[in-house]
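Below, chain A partners chain B and then partners chain C, in two separate complexes.
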Partner chain A sequence: MTITIDGKRCTCEKGEKLLAVARRNWIPIPTLCHHESLPGQASCRVCLVEVVQQGRSSVVASCVYPVEDGIEVYTNSDRVRAERGMVLALLRKRAPDSQLIADMCRLYDAPDLDRVKVSVPGKCILCGLCVRACTELSVGAISTVNRGVTKEIATPYHEPSAVCVGCGSCASVCPTGAIEIVETADTRTIWDKTFRLVRCARCGEPIGTEEELAHAARKGGTEPDTLCERCRRRSMTDVLAATYGDRE
Partner chain B sequence: MQIDMDEVLEILHRYPREKRHSLAIMQDLQHHFNYIPREGMEALAEYLECPLSSLYSMATFYRALSLKPKGKHIIKLCDGTACHIRGSVNLAGGIGRLLGIGAGETSADGLFSLELVNCLGSCALAPVMVVDDTYYGKVTLEKLPEILNKYREEAAG
Partner chain C sequence: MNRTILVCCGTGCLANGSKGVADEFQRLIDQRGTDARVKCYVKRTGCNGFCENGPIVKVMPDDIIYYKVREKDVAEILDKTVEKGETVDRLLYRDDQGRPVKHQHENPFYAPQHKTALRNIGAIDPTRVEDYIAAGGYEALKKALAMTPAEIIEQVKRSGLRGRGGAGFPTWRKWQTAAEQEATPKYVACNGDEGDPGAFMDRSVLEGDPHTVLEGLAICALAIGAEEGFLYIRDEYGLAVRNVTTAIADAERHGILGDDVLGSGRRLKLSVVRGGGAFVCGEETALIASIEGSCGEPRPRPPFPAVKGLFGQPTVLNNVETLANIPVILKDGGDAFAAVGTEGSKGTKVFALVGKVKRTGLVEIPMGATLRHLIYDIGGGIQNDRPFKAVQTGGPSGGCIPAHMLDLPVDFDTLKSHGAMMGSGGMIVMDDRSCMVEVARYYINFLAEESCGKCTPCREGLRKMLEILTDICEGRGQEGDIQLLEQLGHTLQDSCLCALGKTAPNPVLTTIQYFRDEYEAHIREHRCPAGVCVKLTAFRIDADRCRGCTACARACPTGAITGAVKQPHVIDSSKCISCGSCREACRFDAVETEGRDAV
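Right after this comes the complex of A and B.
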């Protein structure tokens, strides 16, 4: 089927999400809580766009909106800019310390919203992507806690988690860098828990925490890695070279 | 307070080991202990083979579940619209003066917990107060000591 995005005709298939079609056609739509590997979070609403279908216009979240034949999409119309600006203004109140959101607010002339009180300082917009990452990719050490204005992301009982392996998946998917992760030469501290870092047996680069490597090994039914990705590839090359006798 | 793990396990084993029963089990734990002890949460996570964090998330989300010990008697003071305009806030103040607690707190003797709740659906009786399962309608500041003393005397035996 064919849809039109900002005047450009785009071919797509049934069931595809609008955001994916737009990005494939090099049409930029800003997002915060969208992650390629964890799609469908749909909580930040920054990706909203205007969809016109049979003369009727509505504003939808493009990351979860399944395309329909013949729709016309506007990713940067006046209405979209105004609504996206409001979404960003509210997110700025939620995460006043995020430089990224402040910059986006400037881009969209977001209103100040003086009447809205800032409840907690910080960078977290409570999109929950970190919780998904931890639950689906790792061990489920964090979750949303409480609700309404007191909602936050935390470990159970606000104590260092018994199950966290320190993989840092949560921090790596966080769109605003709200999760603090501190690394020294041989330790990594995250969620108030400190882990020992393991170094590559060949080049000495840190490859992860002991618990993280053990967890991955348990999941994959293998021995824990001792080499970094580069050295692993290099050692494979060595084996191939030795086999075929073509070294140097 | 020492938690009897046999009691916890008895409650868990009333249900199959499926995650969809987690809320029901937590409600039973809440009902039995008047709160959900940490031991219960950890045992439940193990029983259902699910992360403790997901249970903690639920337990902190629902008002009906509490992770802190509650008093022997739970006072639910309605602060719905009808009760509100008939002075439920004054009653909360009155209870506060009598028991020395605010909403969400438990008295020092462990006898009462006060909860400010939304509409209890008995607006004709406004302002309404429910202690455990007993409804008290058209409550006034004057009636409060009498109602509360009944539970105190009961506890004193």
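Right after this comes the complex of A and C.
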């Protein structure tokens, strides 16, 4: 089927999300909470676009909106600019320390909202990706607590989590870099918990925390890794070479 | 002669001691052997909807209805009414002219009502399936079993029934979509979350006539091909949970539900899920998440639950009142149902009429009746005959309709086109002593606390709207605040993930639309015209009008009022906290408000 985005005809398939179609056609739409491996979050609302269908116009979140034949999409109409700008302005009150949010506010002409106070200091926009990453990819050490305006993301009772393995999946998906990881030569500290770092038996590069490697091993039913990714590949080549005997 | 004594045992009357009254009837009947002279039977019923006048006792077939009955009144009722058919005048309701009213249908609160969803409540014992069956219950299910799914849906379509849970979505369309899905299993579910503060229509149906809801769900299950269903009931509704649980067990025991529905070979397993009580859990996708055991947060739609709902399967979720109408539609036919109501809103609607009206309670009237009819004829007008100012319809995220619109017909589309909504049917009536900015602030505060906090505009936007409204109420409003509130409101309407956020600005936008001058008085003159906002209001007693009755001095929580009996009283402004208790207490309108310097 075909839809038009900002006047451009785009072909797409039933069930595809609008954001994916736009990106395939090089039409930029800003996002914060959208992550290819953790789709469907739909919480930040900066990916808003206007959809006109049978003469009726509505504003939708493009990251989760399934395309329908014949719709006309506008990614930069007055209405989209106004609502997206306000959403970003609200996020700046919520995450005043985030450079990314400040940059996006400038780029998308967000109103300043000087009239109202900063809501919370910091960089977290509460998009929830970290919680999803930890729950779906790791151990479920963090969650959202409270609801409404007092919502936040935390370990249980704000204490160092018993189950956290320090893998940093949460930090790696965070769009604003709000989750702090501090590493020294042999420790990593995240969510107020300090882990020992394991180094590659061959090259000495840090390869992860003890708990993280043990967790991955338990999940995969193998022994914990002792080599880094590169050395593991190298050692694999060594084995192959030894087997087939054509060492360079 | 046989007599039945119906004692209202809804939550309201129970709180006023109706269990003691029912027990006392039974005890005295046994003790005095009344039964030997008059065959009588004490029946405990669901809520009659007029709780402020409870406990309510009806004697049938004389059709005499008593209010505010205490245990000490029981002997007299037995002596006079049960044994001799005479009335006990002092327990009768007095109408607006002060005349005693003997029959329920003559009571101005009940007379204009048209009961469909509430048809059995107050007449049957909700814990006895036999009562429901005797009232014609489960006949509609029997009828539906002989019909095809398409025929059932056709009747629902002809009825014009729209969902009573808030959005007014055509019920048949949801059923049709779910029926068309090939995926199995499918589920039916009943939304008994009822999170609107002040609303109690769903509770009253679940408590007072649980089998109606089960029958409605069973018919829906036949129409879409489901064999399992859930009733999601908020945990605080203890009696509702108990009565529904009993009803399911009884229906299964009688072969009405369970493995062989009325001998048809069809299967339907229903169970109760107790909800945690968050307002947002009433939203359909959050409710489904909550039944599945995850966090009660809304999910993006589409997919709609009728396509992918509970456990990813096609699911029809209907409101309690919606389901209570289904048996009537199947029994009498969709056309008969559609004969009542307006073009776009068929049938009746139950309203929880509360606030500053003389008579408050549950009211079921045909769609399209005017606000004036509801507030003045049924509600008896405003308490102390003060002027009517506005009515908040549709719960916290509904809108405020002003006095000059009293003649608006109440139906889904009219309310919506005026910025309000039907919601679940809350009607909060306000008099001239309500500050509309404070009203908006109150609802936004509620919604900010109840927002699930998942999406940016709702979580952060409500917080900022609340900040601005609080500023305005406390004298820190600024030029431009009204426009900013409107802008924020439009952003929420457009960009929130679920209907909580999308409708949350309604109370702000409607109060700005209809009471803009009140906002301006707060912002520009630091004045609260209604004399409500504490920081902007000082109280003063007019010495000429004060009779020295001391009512205000007794009502004042800080002891700020002094004065001798029959002498004008005075308020010590250094002790006054501007709570307004004196003004409420004064019967001579002697307490006046004036502006006060906020900062």
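Worth pointing out:
Keep in mind that, in the parts below, the second predicted complex is superposed on the first by the 247 of 248 C-alpha atoms of A that agree within 3 Å, B and C clash if a C-alpha of one lies under 4 Å from a C-alpha of the other, contacts with A are read in each partner's own complex, and residues count from 1 in each chain.
The rule is short, and it goes like this: a residue touches a chain if its C-beta (ideal position, glycine included) is under 8 Å from a C-beta of that chain, and two chains touch if they have at least 3 such contacts.
What you are looking at is a predicted structure, and each value in this text was computed from that prediction instead of being measured.
Residue contacts after overlaying the shared chain place A:163 against chain B, while chain C stays out of touching range. Once the two complexes are overlaid on the shared chain, A:155 sits against chain B while remaining clear of chain C. Within the superposed three-chain model, A:140 lies in touch with chain B and out of touch with chain C [touch as defined at top]. Touched residues of chain A, counted separately for chain B and chain C, are more numerous for C.
When the shared chain is aligned, chain C comes close enough to touch A:40, but chain B does not. When the two complexes are laid over each other on chain A, chain A has residues 144, 146-147 in contact with both chain B and chain C. Note for the complex: chain A touches chain B at residues 131, 134-135, 139-147, 155-157, 161-163. Chain contact summary for the complex, chain A toward chain C: residues 40, 42-46, 48, 58-59, 61, 64, 66, 79, 82-84, 86-87, 90-91, 93-94, 111, 113, 115-117, 119, 125-126, 128, 144, 146-151. Contact residues on chain B toward chain A in their complex (touch as defined above): 38, 41, 50-57, 60-61. Against chain A, in their complex, chain C makes its touches with residues 278, 280, 295, 299-300, 302, 448-457, 459-464, 466-468, 478, 480-481, 484, 487-488, 490-491, 494-497.
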